[in-house]
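Listed next: structures, encoded as structure tokens.
Each of the next two complexes has chain A plus one other chain: chain B in the first, chain C in the second.
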Partner chain A sequence: MKKKRIKSPYASSLYWPGGVIYMVLFFIPTVLSLFFSLTRWTLQDWEFIGFENFTLYFSEENLRIGFRNTIIYAVLTSGLKVIFALYLASFLSSKLRATGFIRSVLFFPTLVSTIGVGITFSVLMNPYEGVINAALKWVAGLFGKTTDGPGWLIDPNLLPIVSIALVDVWKGVGIATLIYIAGMAAIPRDYYEASSIDGASTRQQFYQVTIPLVRPAMFSVIILSFVGGLRSFDLIWAMTGGGPGFISDVLASINYKQYTSGYYGLSTAGNVILFVLVSILVFPLSRYLNKKEVVM
Partner chain B sequence: MFTRDKGLKSKTKYRSIWADIIGVVVTIIVFILPFYFLVVNAAKSQEESFRLNMSPPEKWLLFQNIAKVISDYDWHVLNATKNSLVLTIFSVFFLIIISGMTGFVMHRKRDKVSGVANFLVLTALVIPPAIVPTIWVLQRIGLYKTLAGMIAIEVAYGLAFAILIFRNFIGTIPKEIDEAAIVDGCTGWNLYFRIIFPLLKPVSITIGIISTAAVFNDFTNPLYYLPGDENATLQQTLFAYVSRYSTQYNLLFADILYITAFPLLAFIFFNKRIVSGMTAGSIKG
Partner chain C sequence: MKVVRNSRLAKALMLGLPAVLASAMLAAPAQAATEITFQTWNSQVSQDQWNAMTAAFMKANPDITVKVNYVPGGVEGDALVKSQLASGTMADVFSYNVGALMQAIDPVRNLVNLKGEPWVSSVNSGFIPSATGADGGFYAAPFGTAMGGGILYNKRIYAKLGLQIPLTWKEFMANNAKIKKAGITPVISSWKDSWTAQLFVLGDHFNVAAAMPGFEDKFTANKIVLAKNPSTLAGFQHLEEVRKAGYYNKDVASTTFAKALEYLALGKGAHYPMLSAGIDTIVANFPTKAADIGFMAQPGTNAKSNGATVWMPAGVYIAKTTKNLEAAKKFVAWTVSKESFVVQNKVVPPSGPYFIKGAPVSGNLTAVFTDLYNYMQGKGTSYPALEFLTPVKGPNLSQICVEIGSGQKNALQGAQSYQKDLQKQSQQLGLAGW
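== the complex of A and B ==
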């Protein structure tokens, strides 16, 4: 113990590799972005122009759409994952023979290429030749009705971003379910035994025991999927490229478009806006959720 | 009491048969059919795949199609496979080594530095990276458009999540083990790499699997930091082929299937490990 006081056996130099990489490739660029967002920038040299990038960014019509879509996408994907995964997890935690099969199948899309999933679903969602609308027509036919089915990805309103969000849920619900299952496994059996002796039905147990005690897992799911939703780019880019027009653009895809057009300062300003948006939404949310957490 | 108990049991048993059937049917429709669609269309001839339906191919051309995808455009996909594998293997290796040691010292040495490090890890989990300034930094240090630079980026972006999981796991390793080693004169880097790191095998495998999937399937970061045809990763080829193969759906789907084969094989071999590892890691985060 005396030795410890003289010189700690835990070497601070273990921080170095991680610290250097984090500083050079994450922290410094983040700080630099605050400066470069105020410049007209060619990557070789820059010209300071104050807040012009931001005023330009906010004056564009399609930016409003991008903002709206980013929020819709994040709320929809995280909301649906939180709800679906909760029911799926409680379904899979009950005594079923097919649990192993369903769990594996549910989880597999998480490992698959997002671009591959996006391309496949954009073909399935094709309004004229797609399998989904063909199936809808067939089902409608069973009830003696006719339908053309919705124009999933080409609709001029909100439908494209909603369709992409549904595919995102398809791909990500497995991992959310796993987090819930782990949370449910951690609930002591005593609570269920005690409540069933008191005459609680399965449904009552689900709402009165499972949901309150699975909160920590629920909050992990909310935060992880909300952050992922706000930053999402690849699925949207693979399915619609932000189109038709700018209908399904989000902040991340607008930033990419400005980057490819060579507006580096403007793209960096967009990055800062995304950064601020994520921070003002997620940090208060996580503080609020942490406060509500019950101690088991 | 007993009768009620029995009643409950038989009730759940009765339900579970229907629940089983409904569960399996819904799973097949929602999750298996898209993959089935992918496989049958990847095995069709060009004219047949153009109809985009679910019917099985008249003649199975799966391997011919995949071979064509790999050899097309001067073996472009083969080169991309090499790039993807190099990128994934090196990124995951360095990620495990670096995040493990950081997580260890963060957990064991509680001081001002560990407080700051904790804060930085949590921020890095949430905020999006500043992309164009990162390109500028990479250009300054000569790593832009290089695989080495891309590996460093993947490590930097994967660090926060991996450190968090390592730190939580290290919390379950008793400090007495450190102390026994310290008494024997094993300190500093030796303490970590000789004594602790071998104990982290299960969590290292978990991180390995999660980050392998993340890096292998990463599209966005190589898009920004690793442009250029000869640098393309598999995800890049897939995206490029949407326009290249716009009339040859069979080849497009064969390419998707070829790329999916890598995680599929991993999934078949490590399924149990993945599922248990993911749950162990994620719940405490």
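== the complex of A and C ==
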């Protein structure tokens, strides 16, 4: 059945402020950035060079590392947040004393400056003087073993990007938990009563009632944290600057470095590519998740 | 009643006083000093120097106030300076690198040509090319001293182990073997501040230029393949050889510039490939150890041609967007005056020669100063670093050097990567031949 076009209930004068803001701050810059991605641009003047920036961008030697890390980072952070936050939310929805306080503690890292968190953790994760490896050494000592601990941020392999992702999870899990808690609070008590009359254990209730009904919240968490992970930059820049070498570079940090080098057109092209990548990954995902929601 | 009257008085005062203050403030600018803004790096040494210098300048010129803004260096600083110039929000006067980095901020368009200024005749001729724009204009007053790019070393360790200053790379590596045997880290490096990793490559230019006369022109015209010339490849190979021999400090990847200087000053390591100006930080943090540190040129293949690669001092520029050109020019002229050098010498003893003829040098001169001075005075024992002779300078060299040093790439792959980096930069600058 075709939906009937409903006349808007708002006066048209209510539209134009939003419209102007949208045009000036969103639409025009987007079109301009598409244009400047096709130019060699010094911020002061430009020269149209067609798709040269894009071919140059794709010939970037470390682009493979960038793509790989971007995907790893997004999948890892969003996956872990989805799982951890679910358990944290069910823990915090239970009848604990001082829930408010415990929730605030969990939410606290979200409020701290990302750069501050990055610098703090790069000190904690220092393999020789950091607290984390000192603790590992102590624990190993209890078992009569010795270890130097991993080189969290300086390992020349995948470890640095994974370490940063873990910090991101610690920092961001609070928001995900909050979304879950809201989702759980919206589940009508009736379902729990009905299922307990049917003899369901609390464990069964969690898997059969809570998880299916909290799905809309879960999907919001997945989408938000996945998009956040794909375009993540600040934490990575504060902790490793994309290094050692280029081993923890992501697309956003590659674009930033091109910007600092004065390659403005190229950097803009990189951001267009990042935009396309996010769209390609997120639209199908969001469609798929929405469909599942409807089925449920 | 008294109380009431008093409160009325208070009210009158409260209403009246701000009005009086406001009129005073409005009247003030008429006689007040011209204010100019100045922007420079936020390192401790730089802050100490410029705080002292601007204070002295304002004392001598009460009609001008200088407001200093300290900003980060490195890639953040580069991005900031470029954006400020492009958006017309740069400070009236600012300090930034000369050479290739100055070419990258488009001096002809963004900076005030200082060619006609009276002090220009006192600038040492060695500095002129690195502050000259494509139009032949002269854009920067030199600030600070020459720096040697080579190896800072701990003289105490050298004396204890009876080592000689190496004149070839082979001798250098032989020294390293002995140092390692003695249980001391032979080569300190600090990749957490990745710019410090470039010295083996950049500091080798004396040797490159000695082996390939006329190198710079060919390099600028894209006629050099780094990976195919033994002399251009050597710097990259040094990074690899030192790693393979296990001569770096074991925490090299998490060591910062400041930490590395601490290791050197305290004798935990013997060599630190670095700019001679690193001594300034040692003077500030470990004043009693400064005398233990010396500077040597990076050795090449030929003992007969041994000399230091020399970095130019920073430049002090005037942005074209300034609204107080006369005051700005006065300030810049003061920075190269005798009074200015007296102040500079007091804050930090110079770690190399100044680039103004007749600039007084005083204070507790370090051994590093003397070593660098000797290289620069000697015949054919110093040569400018590559970035002061060509606009071509790839921005990714520091990370590539870290990759080689940590074994992610070998020397050959590193040189090839850097070649691509150069190509990209030159294309973006629109240079011919790339």
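The rule is simple: the second predicted complex is superposed on the first by the 278 of 296 C-alpha atoms of A that agree within 3 Å, B and C clash if a C-alpha of one lies under 4 Å from a C-alpha of the other, contacts with A are read in each partner's own complex, and residues count from 1 in each chain.
Just so we're on the same page, contacts are C-beta pairs under 8 Å (C-beta built on N, C-alpha and C of every residue); 3 or more make two chains touch, one makes a residue touch a chain.
Please read these numbers as outputs of a predicted model, since none were measured by experiment.
Student: With the two complexes overlaid on their shared chain, look at chain A and say whether chain B and chain C clash or fit.
Tutor: Pair status: fit.
Student: Now for A:114: first (chain B), second (chain C), both, or neither, which partner does it touch?
Tutor: first
Student: Who does A:43 touch here: chain B (first), chain C (second), both, or neither?
Tutor: In the superposed model, A:43 contacts both chain B and chain C.
Student: Between chain B and chain C, whom does A:259 touch in the aligned arrangement: first, second, both, or neither?
Tutor: both
Student: Who does A:54 touch here: chain B (first), chain C (second), both, or neither?
Tutor: Neither partner.
Student: Looking at chain A, does chain C or chain B touch more of its residues?
Tutor: More residues of chain A are touched by B.
Student: So in the superposed three-chain picture, is A:243 touching just chain B, just chain C, both, or none of them (first/second/both/neither)?
Tutor: Second partner only.
Student: Is A:84 in contact with chain B, with chain C, with both, or with neither (first, second, both, neither)?
Tutor: In the superposition, A:84 touches no partner, neither chain B nor chain C.
Student: From the CA centre of chain A, what is the angle out to the CA centres of chain B and chain C, nearest 10°?
Tutor: 80
Student: Name the contact category of A:126: first (chain B only), second (chain C only), both, or neither.
Tutor: A:126 sits against chain B and chain C alike.
Student: What does the superposition give for the shortest Cα distance from chain B to chain C, in Å?
Tutor: 5
Student: After overlaying the two complexes on chain A, where does the chain B footprint on chain A coincide with the chain C footprint?
Tutor: 43, 126, 259
Student: Over in the complex, which chain C residues touch chain A? Could you list them?
Tutor: Touch residues, chain C against chain A: 75-76, 78-79, 82-83, 86-87, 104, 106, 109, 191, 194, 250-251, 253-254, 395-396, 399-400, 402-403, 406-409, 417, 420, 424-425, 427-428, 430.
Student: Can you name the residues of chain A that touch chain B in the complex?
Tutor: 3-4, 8-15, 17-19, 21-22, 24-30, 32-33, 36, 41, 43, 91, 94-98, 101-116, 119-121, 123-124, 126, 129-131, 134, 170, 175, 178-179, 181-183, 185-186, 196, 202, 216-217, 220, 227, 230-231, 233-234, 237-238, 252, 255-256, 259, 264, 267-268, 271-272, 274-275, 278-279, 282-283
Student: Can you tell me which positions in chain A touch chain C when the two form their complex?
Tutor: 40, 42-44, 56, 61, 126-128, 151, 153-154, 156, 241-247, 257, 259-263, 266
Student: Going by the contact rule at the top, pick out the chain B residues touching chain A in the complex.
Tutor: Going by the criterion above, the answer is residues 8, 12, 16, 19-20, 23-24, 27, 30-32, 34, 37-38, 51-54, 97-99, 101-102, 104-105, 108-109, 113, 117, 120, 124-139, 141, 152-153, 155-157, 159, 163, 178, 182, 187-189, 191-192, 213, 216-217, 219-220, 223-224, 234-235, 238-239, 242, 249, 252-253, 256, 259-260, 263-264, 266-267, 271, 274-275, 278-280, 282-283, 285.
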